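Same chain, two partners: subunit A is paired with subunit B first, then with subunit C.
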Partner chain A sequence: MNGVHDFGGMDGLGPIDYETNEPVFHAEWERRVFALTLAMGCTGAWNLDMSRHARERTPPAEYLAASYYEIWLSGLERLLDETGLLSRAELDARVAALRAAAD
Partner chain B sequence: MGKHRHTEPPSDLVLRVKALESLLVEKGLVESAALDVLIDTYENKVGPRNGAKVVARAWSDDAYKARLLTDAGAAIAELGFTGRQGEDMLVVENTPKVHNLTVCTLCSCYPWPVLGLPPVWYKSAPYRARAVRDPRGVLREFGLELPDDVEIRVWDSTAELRYLVLPERPAGTEGLGEDDLAKLVTRDSMIGVAKASAPGRPEEARP
Partner chain C sequence: MRILLAKDTPALLRKGSTARVAAEVPAKFAPGDRVIVRNFHPHGHTRAPRYIRCKPGIIDRDHGVFAFPDAHAHGKGPCPQHVYSVRFAARDVWGDDASPRDAIYIDLWDDYLDPAG
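The block that comes next holds the complex of A and B.
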């Protein structure tokens, strides 16, 4: 199945942006998304191909605008919702509660 | 994908990740301490120094190199490097007439046990797009100009098979032991966008 993620050979995407002495992660939330994804992968609720496919189903415009770990987050949320382990509604409600507490 | 090198996430994103972790912990699906271990492993313990040891061994020991080129996974495991995203590996050897370059056009497949997690540029749209279409131009962008008679082979990684480039041993390194040789082996030389460093100036090399 093709999709927006299939970049091989595509024109017009600009120069390669090389960062010297690049850190492994660029923000704490990236560390958490990385580890949550790996840890949930170990539960056996899905396999590696399903994870990849979940990321590839990120809507194309969103995929192009997202950073790498944003795409991982999108894939993880999709798998959790589809497997019934955590619905989007429940996640949205918790986000709203955290925001209200922070305000 | 390419423009977000320095991520300055909106607080929405940070809140969302916090919400997600707190819910998964409450449901007993993950433990925060286990997440910390995973992060420490991939941030501090697994990285391209592992791959450099593999390359230095191959440069020093012909029998090891032969095993590495025929059964990479087993040869890499001999040095103790195993684990996820390294289950099936192929090592491709650079020679004066062949230069190998690795990419994952679809996403970010990369040999974690020997190189750690991939840099942002490796996962970026521009590299994924052009490595397969204009590898010579991509190498030039990395400062590596190869003669026209050097064949460039591009390997597109998948979740089933990941690649490690065995760079050429630099000239003038005949007397060096494995530890000193390993210092010349950069991450980029094992991806294939650079050559191994010349002796005496590894500190100037890119990662």
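The block that comes next holds the complex of A and C.
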């Protein structure tokens, strides 16, 4: 698909920020998203190419504003919903419950 | 459904995984062949970047046989085929402002390529 993920050759996106001694993860949630993606990939419910395609189907405006692991999370949530393992409604309800408990 | 247990994770990560497919598939091209990337705009997944479509290149080397992402991403099986490192002169891609000495190498599957006429 000719999506926003395919931005090779596009101008105006600004410089690439290089970090010296870049850590593998910048926050604990990134470590969790990586682990969740790997663990769910091992179920065999989808393959690597399906997970790449799920990430690139993140809505364009959301994709461009998202960080690397935010895009991974977006792709994982899409696959969970599409395979029926965890529906968007179930996920939203759980997030709302956790948010309410935290308030 | 397979479940990944914590105790099995280190061994799995050490082993890694590959999209390489152990299948005897004839190669459509050989190093040195002139090719042109097909003009195609699929609604599904592809690993052929937009900016390289319709551009002429030369097969640099044959990586072997791999699953074809355009099929594999849509549950159509691995559709195994050869993947090549294809060399594109920067000027053929970006025009006369590009350096005549620069080149881009892109890994491309057999089905992305036509022989250059």
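Methods note: the second predicted complex is superposed on the first by the 103 of 103 C-alpha atoms of A that agree within 3 Å, B and C clash if a C-alpha of one lies under 4 Å from a C-alpha of the other, contacts with A are read in each partner's own complex, and residues count from 1 in each chain.
Here is the rule we go by: contacts are C-beta pairs under 8 Å (C-beta built on N, C-alpha and C of every residue); 3 or more make two chains touch, one makes a residue touch a chain.
Worth saying up front: this structure is predicted, and the values here are computed from it rather than measured.
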| request: Mind working out whether A:Met50 is in touch with subunit B, subunit C, both or neither, as first, second, both or neither? | output: second
| said: Applying the document's definition of touch, where does A:Phe25 land relative to subunit B and subunit C: first, second, both, or neither? | reply: first
| Which of subunit B and subunit C A:Leu79 touches, first, second, both or neither | neither
| In the superposition, subunit B vs subunit C on subunit A residues touched | B
| message | Taking the superposition on A as described, I'd like to know which of subunit B and subunit C A:Gly8 touches: first, second, both or neither. | response | both
| message | Between subunit B and subunit C, whom does A:Tyr68 touch in the aligned arrangement: first, second, both, or neither? | response | first
| Can you list the residues of subunit A that meet both subunit B and subunit C? | 6, 8-9, 38-39, 43, 48-49, 52, 56
| remark: Residue positions on subunit A within touch of subunit B in the complex are 5-11, 13-22, 24-36, 38-40, 43, 48-49, 52, 55-56, 63-64, 66-71, 73, 76-77, 80, 85-86, 90-91, 94-95, 97-99, 102
| field | Contacting residues of subunit A [partner subunit C, same complex] | value | 1-2, 6, 8-9, 38-39, 42-45, 47-50, 52-53, 56
| request: Over in the complex, which subunit C residues touch subunit A? Could you list them? | output: 1-4, 12, 17, 19, 41-46, 49-51, 67, 69, 72-75, 93-94
| task | Under the touch definition given earlier, write down the residues of subunit B that touch subunit A in their complex. | result | 1-9, 12-24, 27, 29-31, 34-36, 38-39, 42-43, 47, 84, 105-108, 116-117, 119-121, 123-130, 132-133, 138, 141-142, 156, 159, 206-207
